[in-house]
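What follows is chain A paired twice: with chain B in the first complex and chain C in the second.
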Partner chain A sequence: MWRRFGDLGFAALVAVVITVEAVPLVWLTWVVLGDLGHHEGLTWILLGGVATAALGLVVVTAYLLAYQTVSDRRAAALARARGEWVARWLRVLAGREPEPAGPLGRDAVGALLELREAVRGAEAERLLELLRRYGVGDGLEGRVRGHRIARRLQALEDLARARAPEAMPTLLAAVIDPDRRVQVAAARAAARTLADVEDPGTREELAEAFAASLVAAALPFGVIEEVLLLADEAAPALVRAILAREDVPAPFVRAALDAVGRLGLLPFGDAAVARLSHPDPEVRAAALRAVARLHVLPEGAREAVRAALDDEVEFVRIHATAAAALLPREEALAALWARLGDPSWWVRRAAADALAGLGRAGLAELGHAARAHPDRYARDMAAQALRDRTERVVAEAVAR
Partner chain B sequence: MRALELVQVGLLTYFVVLNLIYSGLSFIGLRTVVVHARELSDLALRDLLEREVYRPVSILVPAFNEERTIVAAVRSFLALQYPRFEVIVVSDGSTDGTLERLIEAFALVEDPRVWSARLPTRPVRRVLRSLRHPELVVVDKENGGKSDALNAAINLARYPLIAPVDADSVLDAQAILRASRVFVEDETVLAVGGTVRPLNGATFRSGRPVSMRVPSGWLERFQIVEYARAFFLGRTGWTRLGTVLIISGAFGLFRRDAVVRVGGFWTGTVGEDMELVLRLHREYRRAGLPYRIVVAPDPICWTEVPSDLRTLLRQRSRWHRGLWQNLWRHRGMLLDPRYGRIGMLGLPYFWLFEALAPVVEVVGLVTFGISLALGVVDPGIFALFLAMAVLHGMLLSQIAVGVEAMLLERYPRISDRLRLLAAAFLEFLGFHQLLALDRFVATLRVLRGRGGWGAMRRAGIPTATS
Partner chain C sequence: MGSILAIEDDRTVGLVLEHVLETAGHEVRVARDVADGRGALAEGRYDLIVLDLNLPDGSGLDLLREIRQGGGASTPVLVLSGMRQEEVVVRGLRLGADDYVTKPFSPHELLARVERWLKARG
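For the complex of A and B:
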């Protein structure tokens, strides 16, 4: 979307131009207000204003025309150099060329990081070794610890590609940085890095430290959710570390439970069941989602689902309908029939969808509801769900 | 004579303060763009898609007599790079062939669906769905205006995020993806506005401009400069200050629950986009709930800008009347500390430097004219002041257009950049003043309680295949 070169220079130039230009403007206000229209010196100030504005205009225009002229060529040269380096690194990996002498230039590092992102397995490990040998990680870590936000964000993105475990302390420190943008970028980079840590002991240790940093930074739900999904193989360790903490805020529990459901982490089924009656409705809803996705509902937890179907919070009832499908068949049909008459349109819709997902018995119940449910809105919704189901079946058949 | 002098001093001070604000905003906006370019990397977008952390989006397209643009627009929406979305087109009592074009192009059939009518609207005649695109829904309803059409679309929307867009717009293929990322990173975000760029002169394929030329008409060129200034610098700068008061009706992404909570779009204004944002601010501030409303520089929406003066003046008059209606409706927020920066900074700025600007400008021109005629003002000083104002305006325009040069999809030719520079200069030699006069008249019309939407003339969206 953006060209990442020349923009910092442009911003610096504009800062200078605007500052210089502000001087006559402020001076003008001072003189005019102080003197109320007596024009001594006014001509000179206005002349100064004209001169600075004209000079600023010339400088900015010259920069832009030069930028327009060279940027396409420079972008093409960068792409060419990057491509050449990618080919060279591939030859190095294949043993057809010796490793180049350091230190590496920007294109060489960029190509190395690109390959590290694209390649998996033993060759990825080899690329990590090359990054270490040339001290790439150290340079990036140094930039992360710097002060200029644009450079810090760029370095964090590069570290996200590098996935070098030794950078974790720097990344974890950046997760608790005062700047939220740095926190988010560092959390993403740390999650990607953690995903590559293979030793179980180290992974658990790092996951605990990561969870502590995340909680300390109080990152929002969406970021935690993304971090957990980016952690891939390390997600269970991170979920465990989050759920084990006593000080963990509700959005973290919610995100952990969502990850349990989405990643199918069966060992955490009990953790989800245990939170079906959590005082926070968002956590209750997440627990219901996880239970429904895992298809795990021990007998002792059924009462919590029954209670959730009558929860006063609309979105809890919505998610309870999906979990209700795990109740014994007759009970599930009866519960979902009742929810078809819920005052909320969204709960009615969720109940109809849940019934449609219960196979023949559910579809029969929907058909019965479309004809004979005492609630008019329930009848309409059941009919709608049946129509949607038919359309989907037809569309799938046509696609086949 | 003394009174004339005092008026001149007032005008001069107004000009200087306004330009200092513009300069400050320009720098803040530019810096925000530079940081944003690194904050939202391709890697982050790819992770968002691969890990399925995105929030599904309902794209709402109100259409009234848009037969020329509607099919191309809907095609561009259906081609978006986003894994889960639906497009809801509302034909708001169109009297031309809008609906027929849609039925023909997308094989629409009637769909007797039920929906949650949380927001009251004019009656819906029928709902249609596409046999070719399951994610497309078309609503045929009685005419009730743009806000009413949007409310009908919200009632049918299934997803947690809604994106009201104009039927004459093309969304960049990644626009929704880029805007939705903001919601993932901050749950308190209620709305994200994008950047609107004029599509005149560009040719599109699947939501991407395949060729970009500065259009041949000067009116369109002036508008390219205006839009760059307003979006790349102005609104991005206001975002950094936490005082976004407008999300363009051409494209924005909102949390559906927040919009429903405040009662949807208000049908009593021609500036429904700003009104909704102001109401969100008011209701969330009153309730003491944490929230953010932001404008991001790179979810880009392309829109057709008027190429003839009559349509342009009508559009700007409508915008200005909408501005007045909204400021007046929410006047209780002005300088009320309970509304924080919105009440103490954003709204005073909009009253003084947006709504009243054409009045000050027209009064200023008349006053300086009289003063020159009466010999109260030195012609040399007047000329210098004028030169400074024009050069300063050009400088800010050039900075804004410069941000456009940093985009990968920019006007590629040097000649185009020179044309834009010329537009930035010529804009101040009549065009700017004409618009000021138009908005001045709009202000008078608001005082007399008149005004409606007025018809828009469209040329259509140029696609690479057409």
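For the complex of A and C:
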């Protein structure tokens, strides 16, 4: 259970209660061990210890109840104050109320950031102007450079909501901070800020600097994937910056290639093809996924896909079956027929699915394989894929 | 001018919707979750529904299905969601949403879309 308000007070109270309880108990132990002959005082000490323990429990219980109530009330009061400020800022934006005098309080700043996060377009630009006029960004940047980790992380989250391009140097410096928590929060904030930069030249320039910081911080694959998602419309610029670097580690290339496929970034088709023979199997698999999703397989890249179908790594062969569907029809049918006899169940399944996706010719090939493939497991898989497809077609027809 | 139900759990987004639509002369009711939305739908008739998909007590897509199968079959529904994935957008439109706007959104664009649907409804 985590509460925004009262945690420190609760911790202090528990510490005091335990100490108060501990003192008579220590005394009791001392007396019992050292003065066993004097029984009169011992009774009172025992009673005192029990009464103190009971009182301690009552106090803690009462505090817990008060703690919940106060916390809920303060959270509600905060939400109400934020809501009032949001309404006020909306009236300011509409020109129905003058801008409030600075400096702004915490609720006013919070409401301004919430609004900035919620809207885009002309209103978002106007909100950014207000943030600048009241010096909100400067204050947050100062806190990012501070020492207290909680304040730094909160400031990075607020900067992510502010999406102020002028904060990028501070954010990029924080990406290479020694603390991993700061690195990750800064990378997220920088990605969201970059997403809001519209000028193509500035966006490319910032994307290159961002890619350099990400590489220097050696952030893990998952964070890079998240950054590419958060970068939104700036993702192509970031993908270009990552793929253009020679020093880029394999996880970065994987994440960039996955973004190429997911976002359908056709201009990066050649970059994906160029990595079909990459020494890292994860990168080869990502390149095959990208090629399959883009539906682009230049003639010169066909040999790499053929080679991937025989790759020693199972998951590379799985992704190669999807890309093999892009080979010339007869060649694709033959390659997938061969993969139906792969030692791996997963590759056989992927080959069967790829054949099922090739229309009537693929289904005919599956039928032929179910009857006449020399490998017994290939025959079973082809038959199973046909049964599954039939069930799906029937279910869809019934649902309609 | 129309009567609009906005089912949106984010307080700030709800306030923006209220402000933008009421300033344009529309009557707006904001529901904070699926249960609140069902209650509002049971109590009144609306010319248009603005629907968030991630609601605290359920999915907006399920509510959309209910609206389409119930009394609101012909009411225009504009989905306002932070989910941009193609499959979610397609699913929303297939379930009967008339329009899909992603967050963060432009209040002007949203108002233009709302008024287009209100005009189409006559």
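Note that the second predicted complex is superposed on the first by the 330 of 400 C-alpha atoms of A that agree within 3 Å, B and C clash if a C-alpha of one lies under 4 Å from a C-alpha of the other, contacts with A are read in each partner's own complex, and residues count from 1 in each chain.
We adopt the following convention: a residue touches a chain if its C-beta (ideal position, glycine included) is under 8 Å from a C-beta of that chain, and two chains touch if they have at least 3 such contacts.
The structure displayed is predicted, hence computed values, not measured ones.
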Touching partner for A:A218 - first (chain B), second (chain C), both, neither: neither
Partner chain in contact with A:A361 - chain B first, chain C second, else both or neither: neither
Touched partner set for A:A79, first chain B, second chain C, both or neither: second
First, second, both or neither for A:V60, with chain B first and chain C second: first
Which of chain B and chain C A:E123 touches, first, second, both or neither: second
Partner chain in contact with A:A372 - chain B first, chain C second, else both or neither: neither
Contacts of A:V393 with chain B and chain C, given as first, second, both or neither: neither
More chain A residues in contact - chain B or chain C: B
Chain B versus chain C as contact partner of A:T69, first or second or both or neither: first
Chain C-contacting residues of chain A that also contact chain B: 117
For the chain B and chain A complex, residues of the former touching the latter: 5-6, 8-9, 12-13, 16-17, 19-20, 23-24, 26-27, 30-31, 33-35, 37-41, 43-44, 47-48, 51-53, 112-116, 118, 134, 174, 178, 183-188, 298, 378, 380-381, 384-385, 387-388, 391-392, 394-395, 398-399, 401-402, 405-409, 412, 414, 417-418, 421
Residues of chain A defined as touching chain C within the complex: 79, 82-83, 86-87, 90-91, 94, 111, 114-115, 117-124
Of chain C, residues touching chain A in the complex: 10-13, 15-16, 19, 23, 103-109
Touching residues (chain side chain A, partner chain B) in the complex: 1-4, 6-8, 10-11, 14-15, 17-18, 21-22, 24-26, 28-29, 32-33, 36-37, 39, 42-43, 46-47, 49-50, 53-54, 56-57, 60-61, 63-65, 67-69, 71-72, 117, 149-150, 153-154, 157, 160-161, 181, 184-185, 188, 192, 220-223, 225-226, 229-230, 251, 262, 345-346, 377, 380-381, 383-384, 387, 391, 395
